[in-house]
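Following this line, the structures themselves.
Each of the two complexes below includes chain A, the first together with chain B, the second together with chain C.
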Partner chain A sequence: MNFITDPLKYEFFVHGIMAASLVGGICALIGVYIVLRRMSYIGHGLSHAVFGGAVVSTVMQWNFYIGAGTWGFLSVLLINAVARKKKVGADAAIGVITTASFAVGVAIISRYRKFTKSFEATLFGNILGVTTEDLWIIAIVVLVSALLIFVFYRQFLFTTFDAEVARIYGVPVDWVERLFSLILASVIIVSMQVMGVTMIAAGIIMPAVTARVLTDNFNKMVFLSVLLGILGGTLGMYTSFYFDVSSGATIVLVAAGFFVIAYLYQMMREKFWAFKQARDVPVLKEETPTHIHLHDESHSGFYHVHEHSHEKSEDQE
Partner chain B sequence: MSSSEHPPQPLISFSKVTCGYKEKIVFKDLSLMLFPRQFAGLVGPSGAGKSTLLKAILGISPILSGNITFAGKQVNGSVPPDVGYVPQIETVDWDFPVTVEQVVAMGLYRKSTRLPWLTGGERSVIRELLDRLNIGHYAERQIKLLSGGEQQRVFLARALVANPKLLILDEPTSGVDVKTQHAILHLLGEINRKGVTILLTTHDLNAVARHLPWVICFNQKVVAQGDPDEVFTSEVLSRTYQSDMAVFRQGDVMMVDDSPKAGHHFAKHVHGADSQDYGHHHTSHESHGHHESNEERHRH
Partner chain C sequence: MFEFLSYGFMQRAFLGSTLIALSCSVIGVFAVLRGVTFIGAGTAHAAFAGVAFAFLMGFPPFLMALLFGLSTVWVTSYVQEKGRMKPDVSIGVFYTFTMALAILFIGLMQGYRPEIYGYLFGSILSVTKGDLIIIFGLSLGILGLLALFFKEFHFISFDQEMAEASGIPAKRLSFLLLNLISLSVVIALKAVGAILVFALLVIPAAAAQQWAKNMRSMMIYSAIIGVSSSWSGVLLSYWLDVPSGATIVLIAASIFVLSVLFSGKGKI
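What follows is the complex of A and B.
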């Protein structure tokens, strides 16, 4: 039991585990939509884009959350706008905009070398640096994001499933997309300190993909993904504490472990069912009676091919 | 179609509508009407603008000029209410983890409570409709795990669940076998008889000839429209498809051959040994008891 309670004596760990479980849960929640839209790369790209905004905010002495958040939100809008151009796909748009934005950050850091250490924390995560103020901001962003996804659950589901048809059925797709971009940018900003820019994408994608492997039901996928995200954050923090390694890395490694277990479980389950079916169901030999042959027909102008027999059936007899 | 057969006000009316993009006009100055309770098929070659026409009605295709009205109200560029839409099943993401019930619930969006979960009332409406479409026992099943015909009925259920006045279907007979095509069109006929106006696109001319009372031959403009028995002629279809099209009739049987150089292909069959067989098919259909479907078609 001490194994679990001992680390909780340290304030930094309590802050860290609260931040990690909150961030793990919300990343996993938005990850469901990202994975189902097949836009996994956007989490990776956007975290890099936000890094540029974080550096600019620091240099310009803006509030980090407002500066980097605005930068991230504008990056997503820009990606969406560029991706709509037929000659530039979404993947290329993400590549161009987020890498350029990241390069802005790197260029500024190389110019003002004194910032290097704090940006290292942004790149790789520094859970030990989570203050009470950070925790409040994380909690508010997580609460508001979760609430918005709850309130607009049907709109998000329909838009993710088929945006064009959702529009036909009256869903304000453009607004839903913008709202999602805002949520995504906000979540990435608050996750940076816990996960680090380089690990956020995995925190978003892995729980959702693991949940997808385990279920074919959207509601269950949302529930499982959030559960795995929170569990991954918590277990990752303990692993980080006991093995003295980066929290971002351990959270991602725990999530990867969950994925491997789920994948193997699903593979074994499929093999078991295939084996059971092969054992239980007798192989049917389909023998077509010799008097039945394929025959092209035309009924009231409807031309088709079907089996035909010249022998009388039992009913007719 | 005489005006006495239909109420004076069309459900959908295109008045000199030009649609497309500045660099590519899909159709120009199109005037077309669809009346309440009509069951019409839109046929034409790929790239003729059939899907664009459907999307213009649905308010998601850019309209450069002209007017589209729905039940007398202008709807240019906006989504008309009371319309159910069934997309091509090839465009559906079958790996998406949604159940049949969740898909059908999407059709209730305009009338829904917007709560994340389904209410008891919504659930019973959905279950009742699924039962009517004979897929009630699949409500909890993921959509990929159904057959082609069942999948088509799921999306039909989504379109019907909010009781639309107009049902628009994009290629409902593509990607399914002949038997399923027949079943789908038969089901649409039943829905139409209950008062729902239907407009669909299809490449399957023989199925249209068999099941639909009204056909619109379209290739960037309306080439001809009317009862398929009258409209489906070699001349009209060749003009529509810009390719030789052969239509063969024997009694009340009609068959369209839409293969390339159809005329040459069929000349060989009709004058060869197979022509006797063809005659046999015609006589055999009468004993198969399929006459009622043809009569059913003419009732509309």
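What follows is the complex of A and C.
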């Protein structure tokens, strides 16, 4: 038991693990929407863009959260504005704006001081720096974001699955998207200290993808993803403590471990079902009951969340 | 005024950045048109992990960067082929995983190794003669292959299904294209840096897209924008003592902004 309780004697570790599990959970919650909407790219880009904001607010001695937060939110609005313009693809818009923003950060760092440990922490995450004040800010952001996602659950869900139809039904899609961008930007900001700029995207994507591998049900996916996020954060912190590696890296490696396990488990389960079906109903091939839902080629893509059964029955007719 | 051209490292920087910018911005046209730019970002991060691994084990960094970088393409293509996962998610999982490995490797190293951060942020002034030979050979190979298969690549970039129907091995060609994209990213890694190399792939092509009337002109504009922003980036970074990668990206990004504001004629 000492293995688990020993690190808890240190205040920095307690702060760190609280921050890591909070951040892990909220990133995983947002990740579900990001993964289903195929927006992985913006999570990646935005976390890099925020680096520019972090450097600028450090150099100008602004409050980190306000400076970097405003920067992040403006980047999202700018990406949306540019992507809507003429012939600029969304991925190109993300690429240009976020790398330029990161480049601003790199250029400024080199002007003001040489690359230092504190910027390494911004890139890769560092638990030692989490103060009580940081913890409060993380907790507030997590609470507000989770509350907003809970309150606007239906709007977010509708917009996620079919923005066009949602618009017709009177969901203010643009505002929902803006609200989501704001939540995303604030979550990325508060995750920076624990995860580091380069690792936030993993914290967002990995738990959600792992959950997606395991289930086709949206609510279960949300629950599993958040659980995996919190667990990954906690285990990652212990790993970081014992192996003396940046917390961002260990959290991601633990999450990647979960993903590999889930993937292998799912593959074995499918093999088993395929084997069982081949053995049990070889003669009934023509009229295989439609409710036996096999994860075969045609719809094993992770994105068809609800359509399976309908498609299958239409085919059969 | 031009005394900097007599320095060996400046000559190498100019030659190297020209070759890198040329291969990245030309192949970037295909990446942007096909919407596969994310593979560039994925490759760059994985290649950085390769470099960290090489430093840890004492292997040659370029070889490991190449191996890790190309494996991004192989793994994500394989996963996509199996129909199990959309490429943006598999790239997202793979690159963040390799980046975490990179940090793990850096953590495992004895002492502080500043050279590694050179690969993260790029230092074109540190390009050696040996690097230059590799860059020269590979960028020539990339541009040669592009010229050789230009018609086919052009076809699959606009209509993969049509190309497939008319007997072009579209799947194999697009796999080759992904490998070439990833190769251009890897050769640019040391000079531009893992995080910003992706910009060199996307920004010139996206800016050129605003002006171009067809693919050929888009490639020419992209090459011009890429090369001129690298040259001015190298010069500015020499005069102002700022990192070359960041300067090149900021210049290219300003060209992009101007293009978006003042063009409006392009038809691609």
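The working rule: the second predicted complex is superposed on the first by the 279 of 317 C-alpha atoms of A that agree within 3 Å, B and C clash if a C-alpha of one lies under 4 Å from a C-alpha of the other, contacts with A are read in each partner's own complex, and residues count from 1 in each chain.
Quick note on the criterion: a contact is a pair of C-beta atoms (placed from the backbone, for glycine too) under 8 Å apart; a residue touches a chain by one contact, two chains touch by 3 or more.
In this text, all values refer to a predicted model and were calculated from it rather than measured experimentally.
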Partner chain in contact with A:Y265 - chain B first, chain C second, else both or neither: neither
Of chain C and chain B, partner touching more chain A residues: C
Partner chain in contact with A:V165 - chain B first, chain C second, else both or neither: first
Chain B versus chain C as contact partner of A:V245, first or second or both or neither: second
Touching partner for A:M206 - first (chain B), second (chain C), both, neither: second
Touched partner set for A:F124, first chain B, second chain C, both or neither: second
Which superposed partner A:V35 touches (first chain B, second chain C, both, neither): second
Partner chain(s) touched by A:Y153 [first = chain B, second = chain C, both, neither]: first
Touching both chain C and chain B, counted on chain A across the two superposed complexes: 297, 300-303
Residues of chain C that touch chain A when the two form their complex: 32, 35, 37-38, 41, 45, 83-86, 88-89, 91-93, 95-97, 99-104, 107-108, 114, 117, 120-121, 193, 195-196, 198-199, 201-203, 205-206, 209-210, 241-243, 245-247, 249-250, 253, 256, 260, 264, 266, 268
Residue numbers on chain B that touch chain A, as the complex places them: 58-60, 79, 81, 83, 85, 87, 91-93, 96-99, 102-103, 105-107, 109-110, 112, 114-116, 142, 144-145, 178, 182, 206-207, 209-211, 252-255, 277-278, 281-282, 284-285, 288, 290-291, 293-294
Contact footprint of chain B on chain A as seen in their complex: 36, 150-151, 153-154, 157-158, 160-162, 164-171, 212, 215-219, 221, 296-305
Chain A residues touching chain C - in the complex, by the definition given at the top: 35, 38, 40-41, 43-44, 48, 82, 85-89, 91-93, 95-97, 99-100, 102-104, 106-107, 110-111, 115, 123-124, 196, 198-199, 201-202, 205-206, 209, 243-246, 248-250, 252-253, 256, 259, 297, 300-303
